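Two complexes come next, and they have one chain in common, chain A, joined by chain B in the first and chain C in the second.
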Partner chain A sequence: MVGNTRGAPDPRRIRRLKSPRALEVEAGADGVPLRLRLGGAWHDVSLVRHPWRIDQNWWRGEPMSRMYYRIAPTDGPPLTVYCDLASGEWFRQEY
Partner chain B sequence: MRTSRQPLDAGYMTGWPHEGQASRLIAESPPTEITPGRYVELHCHSCFSLREGASTPLELVLQAKQLGYPALAVTDHVNLAGAMQFAQAAKAWKLKSITGAEITLSDGSHLTLLCERPCGYANLSRLLSRANLSSRRGEPRIQFDWLAEHAEGLIALSGCRKGEVAALVERGELSAAQEAASRYRDVFGRESFFIELQDNLVYEDQPRNEGLVALARKLDLGVVATNNVHYHVRERHRLHDVLVAVRYRTNLEEARRHLRANSEFYLKPSAEMERLFVDLPEAIENTLRIAERCDFDLTRDLSYVFPDYESGDGRSADEYLRDTCYRLARAHYGSPFSKRAEDRLNQELDLIRQGKRAGFFLRFWEILRYAHERQLPARGRGSSVGSLVCFLLGLSGIDPIRYNLAVERFLNEDRPEKDVPDIDIDFGREARSEMFRHVFKEYTTERAAMVCTFIEYRYASAVRDAGKALGLPESEIDKVAKRMHSRFAGSLEDELAAMPEFAARMKFPIWRDFLRLVNELRGLPRHLSQHSGGIIISSSRIDEQVPIEATAMDGRYICQWDKDSVADAGFIKLDFLGYPSLDQLERGLRSVQERHGRVVRPDQIDLADPEVYAMIQRGDVLGIVQIQSRAQIQVLLRIKVACIEDLIIQVALIRPGPIQGGAVHPYIARMLGREEVTYDHPSLERALAETKGVFVFQEQVIQAAMAIAGFTSGQAEELRRAMSRKRSREAMEALRQAFMAGAAANGVDAKTSATVYDKILAFASFGFPKSHAAAMAVTAYHIAWLKRYYPTEFYCALLNEQPMGFYSPEVIANDARRHDIEVRGVDVNRSGVECSIEDDYLGDSRGAVRLGYRYVKGLAEASWQRLETERENGRYASLWDFWRRTRLSRQAIENLIRVGAFAWTGLHERELSWQLGAFYQPLDAQLPLAMLPAGVTPRLREMSQKERIVTDFLLVGMAVRGRMMDLVRDQLHEGITPSQLLQQKQVGEKVTIAGLVAVRQAPETAKGFVFHTLEDDGGLINVITAPRLIPEYRWLIESAPALIVHGHIEREERSVNVIAERFDALPIIPDAERRVHNFG
Partner chain C sequence: MRIAFVSIPRFPCAVAVQRDPALARRPLIVGDAEQPKRVLDCSASASAEGVRRGMTVRQALGSCPEAVIVPPDPVLYRGKWESILDALGGVSPEVEYEELGRAYINVSGLGSHCRGEEALAAHVVETVRAASGLDVCVGLANGKFPAFAAAIASSRSGLVVPAGGEGAFLSPLDVELLPVEPEIIFRLRLFGIETIGEVAALSVQELQSQFGFAGKRVWQLANGIDAEPLRPRPLEEKVEASLGFEAPVAGVDVIVAAAKQLLSRLRLSLRGRAAREMALQAELATGRGWERRIVMREAVSESERLAFVLRSSLQNAPPPNAVRSLSLRLSGLAGETGKQLSLGKRGRLQRQLEEATRQLKVRYGYSPIYHCVDVEPWSVIPEERQILVESDA
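Moving on to the complex of A and B:
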């Protein structure tokens, strides 16, 4: 059964995405991450998924252009990072 | 190596790694650039995918060339509206064009179709037509079953993520996806159905593409990469987002879920596409293979053939045309007819034979015979009026021999096959509708269609749509849009800077975006509309040449191409134009017959009547088409138009061409004998003698180019055409060189030939051919004759034909009163639906016109017939009797009461309204018994005179029980000069005048000057305002419906103008602006 989508959402079921955290990344000329710094140490990484991009909110005066990568450090669990295409800064996005 | 904080460029891209392959990609050096040209975009939307595509066909073509594409497909959404424009642009830039469309099937899924062969184009066009005619308006859907009937010659790609196969794969319904792909394969064949892969770096793209590739492998189908292009460069993605928001009639925030995830839907370099599909090179290679297979060229392969003419007795169309023309010539001129006419007829018949156009003329003759047999008001216009064949066949109504009209502009001896004769026919409004019905009945919707036109975004509409999408405050957008709607508006940037409240906002990104988006939006097509009168007929199915769709008007169908695309396709277009002046004349002459028993046919009217010319010379021409404008009257008051030849020149003189070419003032001076008639070169005398040495007619450009540069008539006509269109500087310079070289070879010195060339160039854009001016002048004369001898019939007909786009009914009624014609208000016991003439006029009056119900606001068209029927049942005895018999709506009866239609009852408006309220019952209530309502009417205040004037104006469109000037009279002072006294003022004398604005003009040719025609009790006053006054008085100049003007007198012969120095407001009801006609 589908819930009443017109009613007010239940605040207990809404969850904020975790705020992105700045990250140090070294990328290749094509922009794909090669290494990242985790726990004070640099790790080689590999892509585990095709990257994806978003371009949104430009009409708010705060354009959001990001290239997302799902990467895996050697011997580590996969994580999602993105590059802010305007500033060139890298962030880790946790869900 | 890129450091973590290094900004990335806008074109940043990456390859397409799969899990397990990603490390290989990273380990390798970045992919090397691949030679441009290995990829062809096969799925691309132009701006003709309305509210979706954000780039024009030309922008796409230029970008594709820039990227080194060997070919490009444009696949607009369920239409081919931009296909010809794209194909022509591609051809001009030497890029192979592929015609196609993205179609929507009945389940809402998409499919990309490309035309491989001409039969594929015919099939696509028929599919789209069928969808348009059988679906809900604006949502054309194609049934899957139809595909099998129309698959030949088409290549199908499985579509974007909204394609049936892709959507099923994305939902994980793999067996259903396989079944769907198999169905398409069975319809189009294995070789002509490809699985379409799109990688726009959207999160879902990778798994969907993996699924699609697996499916293709399983079914042994080819795969092909496309980028679902919606704009030519990445920067245009914002405009695309705005268009999507416009489509959903909301702002970007609300439209968020409909927007594309990113800005990757642009024309990408081949190298980028190859990187995206690095593991699937065949997807890239197949784009080239498909492009090579698509051999259909829209600029070359259409199968259109104009229907030939079958004589039925074995004679060829040429023979039949010759015999018909000779028969008609003998009937008109008598037998034998003059050698001059015979030579001319033979010359034209030869040109028609060489051009293989006899069938065209005979078809047109056949169509027009329908109009002539029914005596529908019809008359030719344009260059065809110069043709004797057209005259004899009844296609023009003007004898070119009598008026000495040349045929070269119409039939060109150098290009008889290439040029399509352009025959335009004017009809009265009703007649035109009847002609459309006739043509569609004769040729059916399979063989005839009307030409469409694209309504483009202008500044005001772009401001509104972009502003709404960005969520800017409605009141502010409204303010900017209104400002941009102004005739004085400059660029949006300048106008915003000039508005103090907006100037500061330009530092905010959203307003900068607004500015840029509005400029990008301007000129893009907004919606498709019906062309004013173009209709194409074909011997083969029209819907195989171009998709057609139904219009809002029953029985009319339009094709998806505008007049330019239709011309590029080589279609022969018949132009049936609406010309209400013909109705005005016809209606007036019918009244003359009814009232005076005099039957007058237009062609029997004496064109040399001095009384008519005397009236024209007085400038008494309000209501006479072609010569009633302020500028025309000014010239009429300076020179004496004394014969039809003068009138023909007069009609053509006040046009942008002669004005820009500097012909007007020399012509007037030479007419007045103040300047000697001279020619820049003796050889020009033959061409320019009749217009005293200046260029007035288009034919004179041709004759001058032949005389000075030695051009053939065909070369000269090409020169004229080239000059009349926008050309590059290089193309214009090439033209100049050719002209100068020809002149030099002809022995004309460089200075003279340069002078003549410059005059021709200034003239060429907007001038009339003499043939057209002759047609217009003769109609103008006929109407002038009616005004001179039968003014009551003239004004009655004129009021019945409104709106005609010039003076408002109020101004016309005032002119009638100045001619001692009464204009009487609506009276339920005397009015019909139309205005009528009454013979019980009083004292000094020369006639009386009773306004018809059509003038009363709030009376629905459906009620007119009821009123006409009830009128035949005798007078109404009372308001109650009227209501009982007509059962009109309460609002309609209230309006009739308020405009005085029941004044004969002896009760005033408020008493009548009270009565109505006492007995009125809605239509579905029980019918009233035949008895008067009971009750006593209380004492109610009568409406004041001013209230009655305002009511008349608001409900009838003119002041009937008084004058609009009465509303401002108490603001006028003794220092104001009435219009009748201005003639007595000296040049330079200071005056103050006041009046209501009748016409407001700021023509482009006037270099920023503004012209007002004010009206006071005595007549019209011309006011000229210099550009320097506009900043200070902009609102008054641009918007005020009434003005007090302080200025001085300027006089040229009998033409008097007031040169404005300053303005004062003359407050009046805002609705009075409705009586103003604004012109560009």
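Moving on to the complex of A and C:
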């Protein structure tokens, strides 16, 4: 009996560095994050840098639109988050 | 992919009852007698009294005062489960070990070898019973979740869900079965949704608007679509020998002498190869299992050296009781390699790193050391710049 050599590769062998991780964020009407959930608790945040937008791959038919924010929770180190403008979901990412 | 899910419910309890059938008559709790005093597993009768895994033994006894508490025996559980996995490896080479008592096997195309999938499921049931003597549930379907659900609903000979019939099969089952966050199940119930069929009747958009990311997966699972790949355990060659004593023996010298005898028996099976890992298992006079696992920095083939490593390890922490039987397993087999000495420090460091990587790979089954490779370092999208590649050494 021969094993299936075309099976899915083991994801442990190769993985992306700086993969985004889903995050719960509450944003204001202007889209700027106001609160985020870290370690099960909600924290107020403030912007520490002007937001920046990235639009990529629109020429490939798989457009990617993200609005990045560098924010700092009231009692924690700053972090980078982005909002996927297509789905409205928030992610945390090392930039 | 046709997948069979093999489940031995309440595995630690089943093994404890098999060892002492008298335990079957009373509610049973398998829990640590010492720290951290938590319930590892409980019998169905104890569960009916409110005992749950993870609660403290004190709480469990409050719910079920007549329960018998048995200390866990991880060595015995692991040994039993390994023998079951080895037997399943005879059915299909792709076996995924999920946890004790739960495994998935890839059975695509095997139905024709057994005159149909029903016969194949029955063959898997018989294989596990012959290897362990334990009762088993087997479900066979397309995808992991439908196979899991089929096993839960299976009879003694297993249950087969025909390809394409997953959605209809899952429809009447309780939403509790869905392998998703408990919070999602809780919210589905708040909406008055009790069966998987009711979830399947909703649209992807409706579920995504409620549960975000997880909504799509909930919809797919409810419709019997589970594309999660099978992750087979690596096939590893190992050689093993065991011996029993007429009367329980104690003392490092006696155990090392017995281990030397086992090593000499294994010499033929080794065929000149060296072993990177050595595991000494014993059945203690108390009936409990004991194990010492040693991962060596480099593969070793000489019996004397293996015995020396074993003696050093046993002197630090000998078995806590007299030993009734002993078993020695050598794995991580490799041909012996010569060492080219280098004048440069860099070459030596590189070799040390490679050696350490191989050692970690044997210990964990994969290499936890990665090297970073630039893919598109100029990209504005962070995750496209670099990847981590497992270091194979």
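Convention: the second predicted complex is superposed on the first by the 77 of 95 C-alpha atoms of A that agree within 3 Å, B and C clash if a C-alpha of one lies under 4 Å from a C-alpha of the other, contacts with A are read in each partner's own complex, and residues count from 1 in each chain.
Criterion: a contact is a pair of C-beta atoms (placed from the backbone, for glycine too) under 8 Å apart; a residue touches a chain by one contact, two chains touch by 3 or more.
Source: prediction; values computed, not measured.
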item	value
Which of chain B and chain C A:54 touches, first, second, both or neither	both
Touched partner set for A:21, first chain B, second chain C, both or neither	neither
Chain B versus chain C as contact partner of A:67, first or second or both or neither	first
Partner chain in contact with A:29 - chain B first, chain C second, else both or neither	first
Contacts of A:95 with chain B and chain C, given as first, second, both or neither	second
Chain B versus chain C as contact partner of A:85, first or second or both or neither	first
Chain touching more of chain A, residue-wise (chain B, chain C)	B
Those residues of chain A which chain B touches in one complex and chain C touches in the other	54, 56, 89
Sites on chain C touched by chain A in the complex	92-94, 106, 108, 212-213, 229-232, 366, 370, 372, 380-390
Chain B-facing residues of chain A, complex	23-32, 34, 46-56, 58-61, 65, 67-68, 83, 85-90
For the chain A and chain C complex, residues of the former touching the latter	1-4, 7-8, 10, 12-20, 22, 54, 56, 64, 89, 93-95
Complex contacts: residues of chain B adjacent to chain A	1-8, 10, 12-19, 22-23, 25-26, 30-31, 199, 201-203, 205-206, 237-238, 241, 252-253, 256, 259, 261-264, 469-471, 508-510, 513
